[in-house]
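In the two complexes below, chain A is the common chain; its partner is chain B in one and chain C in the other.
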Partner chain A sequence: MADYAWRKLLQLIPTVIGVVTLVFLAMRMIPGNATGFMAGDNLSGDALAAMTERLGLGIPMWQQYVNYVTGLLRFDLGTTIVTGLPVSQLILEALPITVMVAVLTVLISCVIAVTIGTIAAYLANKGKKWFDQLITWLTMLVDLMPSFWMALLLMLTFTLTLGWFPASGTINFSDPGQMLQRIALPLMVLCAGQIAMIARITRTAVLEVLGEDYIRTARAFGLPQLRVVFRHALKNAAMPVITVAGLAFGNLLNGTIITEFIFSIPGIGTLLINGINSRDYTLVQSVILVYAFLFILVNMLTDFIYKYIDPRVRL
Partner chain B sequence: MRHRFANLTLASVSYPLRMMPGLGWLRSLLGNRIGLIGLSILVPVLLLAVLVPVLPFADPFKTNVSVSLNSPSLEHPFGTDKLGRDVFSRTMTGLQTSLSVGFLVAGITLSFGLLFGTLSGFFGGKLDRLVMAGVDIFLSFPSLLLAIGLVAIFGAGFLPVVVAIAIADIPRAIRLQRSLVLGIKSRAFIDAARMVSATPGWLMARHLVPNTIAPMLVAASITAANAILTEASLSFLGLGITPPEPSLGNIIREGQMYLQEAWWISTLPGLVILLIAISLHLVSDGIREVLDPRARKS
Partner chain C sequence: MTPGTQMNPLLQVDQLRTYFHTREGVVRAVNDVSFTLNSGERMAVVGESGSGKSAMAMSLLQLLSYPGSVESGRVLLEGRDLLGMKEEELNHVRGGEIGTVFQDPMTSLDPIMSIGDQLVSHMIRHLRLNPRQARERAAQLLTQVGIPDSEARLRSYPYELSGGMRQRVLIAMALSCKPKLILADEPTTALDVTIQAQIVELLKDISTETGMALLFITHDLGLVARFAQKVAVMYAGRIVEYGSVYDLFERPQHPYTQSLLRTIPSIKGPRPKRLMQIGGFPPDMRQPIEGCAFADRCLAAVPQCRLEAPELEVKHGRQQAACLVDGGIEAVIGQTMPLHREGAEPLPQDELRVETRPVLELQQLTRHFKTDASLFKREGRTVRAVDEIELSLDPGQTLGLVGESGCGKSTTARMLLRLDTPTAGEIVVEGVDIAKLKGEALKSFRRKVQMVFQDPYSSFNPKMKIRDIIMEPLQVMDIGTREDRELKVQDLIRTVGLDTVYLDRYPSQLSGGQRQRIGIARALALDPSIIIADEPTSALDVSVRAQVINLLADLRERLGISILFISHDLSIVRHISDKIAVMYLGKIVEYGSADAIFEDPKHPYTQALLYAAPVPDPVAEEKRTIRLIGGDLPSPSNPPPGCHFSTRCPMVTDRCKQDQPVLEQMADTRKVACFHAS
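Right after this comes the complex of A and B.
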């Protein structure tokens, strides 16, 4: 296992270098000069020169790249252009919120989705199609619904009409009750999308396994139905479910950008949008990197879980 | 014995030919239940969006403060916004933009996917490693994030949005086409064609691409649906199509401010997006069932 982990990490190095380089190059491909892009047209020549100096853009490209990479290694991401605060500090404040929301979403939605999907498969296997059909259509509907639209509908219902959940306010880790109330709606939006994807694949996978011989054997031994379904069938259907849950994480990250923006949750998604709107490209490039690293990290974790569940998997 | 062998190769050779008999598959799509449901939503909405300038609807840009924030009525089916503009005709005009983005992105993605996927899968070696390394790097970003990053670089507007979404989608298309080509490359009919000294160009154009076009078309219609959703998301975030040019996303964004007193501005255009996305998915399911009879069971 340790050997496998090391090999897996080594394989990641080219990708990580590629991602870092791509972000570096992309931010320097902004048509015209990056400083001009950020400052607009209202900076004089002197001020522009000073800004170029401050951002370290006055030196050759390769030197900029070296500075940028060594900065990254020391987690020194420069300072924001608007407020002058260190970018690393802003990210460290925002990241825990996004990660907390994402982890809660994954936990809640996996439990609900696997239950729904398994029940749908069980009923479909027994010939009761209605629940199965209902789930199939419902998951497609939710999956295709624009998340920002769903967020607005929830806000209209729960915040503006019923007044149950606030749609603004700070997030305070020391007061879990208030915090949960604050993030309830974003969680609903994010979970709905995840549940739709994972439930559908769980259904297909479990349905396939339920046709296998060893399931019939387990039933023939007189094991309780539920135990057969949840212990034997679900365990063997876990692989595709984990793959999809891993893939769905990309969607989840996309979703956090939108829901954080709508519900003004101060996570890295909001940081990104604010950065783009204030043309703060040191901030934008760092946030994009953080997102990419999160994504790579989760994909790697998915591989590990894969390996853990099914030792036959080689990579 | 010889007869059976002939049948065997004929079956594997005629498999690709069955897929592209002119417009035959389109006709069977009309006979397919799911595809038909999809088309019967998609086509009227398409027509409505295309014909909206000549139909007697209100001008989407004309402001009239005396009818500000009117609720839906016969005159204004989707109500009016803060400036008294007709939300229905704005939605339909926005839909034109959305559909153009969707189909342009699908077309670009399909072409690049076919080109690089086929070359990479067919030739393998250094080229393959290079292409796949690039694909891996691009796939290390969540797709919406990539589009947001690219739009931040290119700026807002129709063309940048199309290019940004296409770049975010192309790696997936390349990977799919490559895996399809790898699956077909070793089939008997390719060897047969090689034996009669078919050139690589001929093999790719006449055998590999026609055999992979079906799943690629299915993927392309899903790409179109996703591109429409991504454009709406970008415009909603204020990074896509910018007002006063209407787009489904920016109408919803403008309506968000008046959610309490005028729920219709944000909710009804969202319903239209959902309808389009569902119909495109149904059409793609239909295409899949028609082109791949094995999919019909599940």
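Right after this comes the complex of A and C.
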């Protein structure tokens, strides 16, 4: 296990170098730059050049790259170009919100999706197809709905008409009730997509396992059906579900960007969008680096869960 | 046992009827099946796939999967009807009173739960033991079924055990809750012959020791003869013959049983040129059946058979058969054709064909695999899958390659097809060494050696029509014009005995036997000089095996093709082969003429294989002292030093453990690799 963790960390190095370089270059290929964004139409000529110099953008690109990478090696993410604030501080403020939303989404959607997926599979296995068909139809419908459209629909219903959940405002970790109310709508939007996908995968996986010989063996030894499902079927069907949930987490990071923006939640998604809009290279580079780290972390976590569930898995 | 319970049978099945309500229609899988089983009795239910034997077994336990349901009948276990029982009561019977052993030990255990946990949970539930007592009993049971080091084994997972070991675990599980009846559904079909023999002996011993009744479901008549006291033969959902094992084998009454027994080649005595075969194929159970289901394939059928489905009736003593014609095919056989083995002429002897150059010669053929070495592991091991084997095959002859799974048979076949490149050695086909061929030369060589695969269900592209399947090799090799190919394909399908209307069908519309004929037609498309047949009959129904074997034998005769026949079924290998090579862990241990080897096997491993192979004759089986070889096949990556067979050999001495015997000439036609052979 420790051996595996070390190997994974070694693999991390080329990944990080790749991500850093790619983001560095991509940002500079987009037309426009931070100076232009800050100055607007007011500055020109020498003044603009002076400002560019002051922001550290006057030096050649390779030099900027070297500076950035050496900074990273000292765990220094630098300061934002536009506001001059330390990037690490901004990320530390925004990250917990995003991580909390993402983790809650994965937990809630897994619990709901695995439940309905299992029920659908169980009934389908006994030849009762109606629930199964209903679920398949519903999940398809939800999956096809664009998330921003659903977000607007939910806001219209729950914020403007019913007035249950606020759609904007600060997030305060010290008041969980208020906080949950605040993130309820984004959670709903994010969960909807995940539940649809995970439920479908669970259904397929459980249905397949229910047809396996060892399920018949367990039944032939008098294990009641429901206990067969919990003792044997769910655990064996877990692999594809976990794979998908792990991948879903990656998609979720994408999803949070739009959703945070719509519901104006001050997470790293919002931070990223602001950074891109103002061409704030250092900020965008660092935020994307954080995303990459999260993604790799989740990958490692799913691998460990595999090993825990299935003794045949070799890490 | 009190006299009162002696009166009632342990299990009484009465007019059991099970249907599967599929979208395509009702499959009448089990039709009015009745039988009784007493305590301590061993009964076999024999039938081929689709005969309803497994559906019947699952009906007893009420474990039919959707869309199956028991339509009517009674299943009385000690007088209580299982069919009317509530689920909770049934769950007490399942495992508690009826233990079950399933066919495939590889898939019948939960792969991610330890052996111990799987055994223990059932005992806690049925026997109300506490976890500690249950674990102790589990360890005892594992010892009882012959698993060494049982305490440690409880912590193992199924993937860490061999197939034979897993089947022992399943048997231990079936025994664990002290049931009155054990239901074994093809418990040895997925195992090698030597392991099969071990498992059958184990089950037999257990029933003798504990007085448990055994219901044994199988397609193998040889196993029935070895194992059962009472037999029910099923065909198309009905019991067509029912009686004691001696009666059934001595004077079978139903034409199906009579024909089936004749199709099985013998491992002793003279060899007929052709096997008797049952024409046609088993009925499609999705279609309604009028009259007797066997009528279309029956030699004794009279017009009445197609109108009226016969009932089981007493024919002889207590033996019952469901047939309108008294005496079955025995009544008509004299007038129709010489079906008896004795009537057929023996195969020409090898000695008649002298001075022919072999079409295939293997010299020092070797294939080693290296297991992966990685950054954190030390260097990989070498697996000697095939180790310096030497064989030769003469034109128009058949070489049988025999051995247990993992012995290197299939690797050898792959190298002959050049799907795999040998590590060392030569493969000389018609005088040319093809071991290292590349590019165009390799492509044109491929015409010479073709393959018939084991499983006709998975060896065709399901989206291709039969015409395109047979034509594909011609297209790949760019032979002839479109018209030429079409003519060739029509010619080929007739050669394998099928009508040209099948050319426009898809594989799924054909039965297993028909598909295997297509497989042979495809192999013949390029006019090869050698055909490699890798277990070509093992996936087929018993009643059509003989057809395929006869077809191969005919083609060999007519087209002069040589065949390398790979199989674990010794009786079929003996029937079709001129020479036989016995492989063990990548080495050839005995090699010689088929008759000589079967008459007088020299190598202890060959002897063990022959002992293990069941013979469809209960009298002979009873007389035979079965000398079993114990244990499993050692891992090819870590074979024992000295003679590879030394760990399982009954004749082992110190020398065997140190030196490796080489294949030495024993007689004119025989080579053996053993220090003790004489």
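Keep this in mind: the second predicted complex is superposed on the first by the 276 of 315 C-alpha atoms of A that agree within 3 Å, B and C clash if a C-alpha of one lies under 4 Å from a C-alpha of the other, contacts with A are read in each partner's own complex, and residues count from 1 in each chain.
The rule is short, and it goes like this: contacts are C-beta pairs under 8 Å (C-beta built on N, C-alpha and C of every residue); 3 or more make two chains touch, one makes a residue touch a chain.
Quantities reported herein were computed from a predicted structural model and do not represent experimental measurements.
Once the two complexes are overlaid on the shared chain, A:V298 sits clear of chain B and of chain C alike. When the shared chain is aligned, chain B comes close enough to touch A:M155, but chain C does not. By the touch criterion defined above, A:I116 reaches neither chain B nor chain C. In the superposed model, B is the one of chain B and chain C that contacts more residues of chain A. Of the two partner chains placed around the shared chain by superposition, neither chain B nor chain C is touched by A:V142.
Legend: residue contacts after superposition of the two complexes on their common chain; A:V189 is shown touching neither chain B nor chain C. Looking at the shared chain after the overlay, A:V19 reaches chain B, while chain C stays out of its contact range. Chain contact summary for the complex, chain C toward chain A: residues 61, 63, 65-67, 87-88, 90-96, 99-100, 102-104, 107-113, 121-122, 125-126, 157, 159, 170, 173, 177, 375-376.
For chain A in complex with chain B, the residues that touch the partner chain are 14-15, 18-19, 22-23, 26-27, 29-31, 140-141, 144-149, 152-153, 155-156, 160, 204, 250-251, 253-254, 257-258, 261-262, 272-273, 276-277, 281, 284, 288, 291-292, 295-296. Interface residues of chain A, counted against chain C in their complex, comprise 3, 7, 125-127, 211-214, 216-225, 231-232, 235-236, 309-312.
For chain B in complex with chain A, the touching residues are 133-134, 136-138, 140-145, 148-150, 152-155, 225, 229, 232-233, 236-239, 249, 252, 256, 259-260, 263, 266-267, 270, 273-274, 277-278, 281, 298.
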